[in-house]
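Structures incoming, each one as structure tokens.
Note that chain A is present in both complexes that follow, paired respectively with chain B and with chain C.
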Partner chain A sequence: MSSELFTLTYGALVTQLCKDYENDEDVNKQLDKMGYNIGVRLIEDFLARSNVGRCHDFRETADVIAKVAFKMYLGITPSITNWSPAGDEFSLILENNPLVDFVELPDNHSSLIYSNLLCGVLRGALEMVQMAVDVKFVQDTLKGDGVTEIRMRFIKRIEDNLPAGEE
Partner chain B sequence: MADEALFLLLHNEMVTGVYKSADQGEVENGRCITKLENMGFRVGQGLIERFTKDTARFKDELDIMKFICKDFWTTIFKKQIDNLRTNHQGIYVLQDNKFRLLTQMSAGKQYLDHAPKYLAFTCGLIRGGLSNLGIKSIVTAEVSAMPACKFQVMIQKI
Partner chain C sequence: MIGALPSPPPLPRFSGTHAHNPGVFLEYKLMYGMLFSIRSFVSKMSPVDMKDGFLAFQTSRYKLHYYETPTGVKVVMNTDLGVGPIRDVLHHIYSGLYVELVVKNPLCPLGQTVQSELFRSRLDAYIRSLPFFSARAG
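And then the complex of A and B:
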């Protein structure tokens, strides 16, 4: 039941951002930034709750994200597919995305990436465990695709222990 | 469910975000509170629709307020309102001694002047919920020592 609270609140947030910002690109950027700020804090909550140890490679990371994290916070388990030959890129396929329950994209917002917060969250959370990644949506049920697909690409290991700027 | 953590973080980020894009000053502060309250309003309307789909008709205004204090509050904040008072003339005071959105902030007077920002959304939630049950109201909140706070509901006779 309370997952609807999150879904509805997220919807109200996106609606408000669309009012505040002139174009979809700016809204997408804001969502990503907010997601990042959430991610850097969410990771602590996640590690405390889940007790998973350090991941040894990107494949383990992918498993933990899909089977533990997504399950814990959004109640879904995306599937992992489309590994790149080098093992540094994969896709998360979400059959259904709880964030878009009750949502329809109006015609004048075709470049809005509604769930972009998720990209920021993943990016921020992984940065806190020393991984720099690039995360983006490549398919979106809101735009008529059959599934929602998030592509994650490993960029590099972050060696410094200095925290990156949070905002 | 762990999604409470997610909601708390989202809520805090929303408050921060709304204030960041505003300038300083009384007028701006009011505008930010209004924005947050309006977001809460939309969410409250949506939530109450989902929750009351299968419930029986409410007997009267007090019945509705009790629903807000028990079922509504429990589903959203995992606990009931601790104390409900009314003057039986349209004013209700809902007291929550350990308000979930404030427990992480402080226990006492620290950051007291920031508390209203974190209550605006919830005021809207209550107002929105009541609105879709046919009650027009004004909801305000006050905090004297965190994490306890009081929500005051003033029913508007149409």
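And then the complex of A and C:
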């Protein structure tokens, strides 16, 4: 599939959401929600195709996200930087973001997080492998920054729950 | 039988029994509890970092083969004792059938009984095509 089609489709999606929701905050929330729904399924496709096993720690997770997952789905390999001392936060630096080819943010949408779908995807996918994370954009080339930076923070491990009624 | 966390796998069995039959549902709950306990036991007993962990167990009557993904999807197949390791078969059921036909279908809700007729018929055809499948048993 051509990358132009993908970029234009994503652009049409965001534009339509902007028409439907009128304010940027709501659009951001919708993008995150849609991304989440994609992520919970995408992780299964990822595991089926990449044969990657369970990651043992957050550093390994970061490596797999940047070097395998981003490569597989978006054809880019972000770099991993800015680890927190506790090892529970890191940044992904994207030199180029295929979602924003040809895109310019107009002035009346300055708080729109255009690629927020990606945050939802990462959050949904990791939740399915028992990791609760917080994902957000801290720099965006669409807003004039030099690079696009996504900050990922590990919140907690989600425990395996036995269904109610079983001991 | 395939299941995804958090609820036990309410998937109609290969033989086509209806999932809402209470007897069958009880069997699923028992099996889920047993598998959960065995998995937990294996991970505690393992002296090294578990790569594949619990693979299979057998009794004098049957052998149960187990495959679990990091997302908690479990593929379980019961065969007779003559069948060797079938990890690649279980992996194919996950990647070639479950992921392709259920996960990628936005109309199939996850975490519940799989209603997809296409999934059931392809799964059926796949099982029947396996070298260790015997038409007598089906």
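A few notes on this one:
The rule is short, and it goes like this: the second predicted complex is superposed on the first by the 158 of 167 C-alpha atoms of A that agree within 3 Å, B and C clash if a C-alpha of one lies under 4 Å from a C-alpha of the other, contacts with A are read in each partner's own complex, and residues count from 1 in each chain.
The criterion applied here is as follows: a contact is a pair of C-beta atoms (placed from the backbone, for glycine too) under 8 Å apart; a residue touches a chain by one contact, two chains touch by 3 or more.
Keep in mind it's a predicted model, so treat the numbers as computed, not measured.
In the superposition on chain A, contact of A:129 is made with chain C only, not with chain B. In the superposed pair of complexes, A:4 makes contact with chain B only, with no contact to chain C. When both complexes are overlaid on chain A, the residue A:41 reaches chain B and chain C alike.
Of the two partner chains, chain B and chain C are each touched by A:49. Look at A:65: by the touch rule set out above, it reaches neither chain B nor chain C. When the two complexes are superposed, the chain touching more residues of chain A, out of chain B and chain C, is B. Once chain A of one complex is fitted onto chain A of the other, the partner contacts of A:99 are absent, as it touches neither chain B nor chain C. Contact with neither chain B nor chain C is seen for A:113 once the two complexes are overlaid on the shared chain. Within chain A, the residues touching chain B in one complex and chain C in the other are 41, 45, 49. Residue ranges of chain B in contact with chain A, taken from their complex: 1-7, 9-11, 13-14, 16-17, 21, 35, 38-40, 42-43, 46-47, 50-51, 75-76, 78, 121.
Chain contact summary for the complex, chain A toward chain B: residues 1-6, 8-13, 15-16, 20, 30, 34, 37-38, 41-42, 45, 49, 72-75, 102, 117. Chain A contributes residues 40-41, 43-45, 47-49, 53-56, 128-130, 160-163, 165-166 to its touches with chain C in the complex.
On the side of chain C, the complex with chain A involves touching residues 5-8, 29, 32-33, 36, 49, 51, 69-73, 94-96, 98-99, 103-104, 110.
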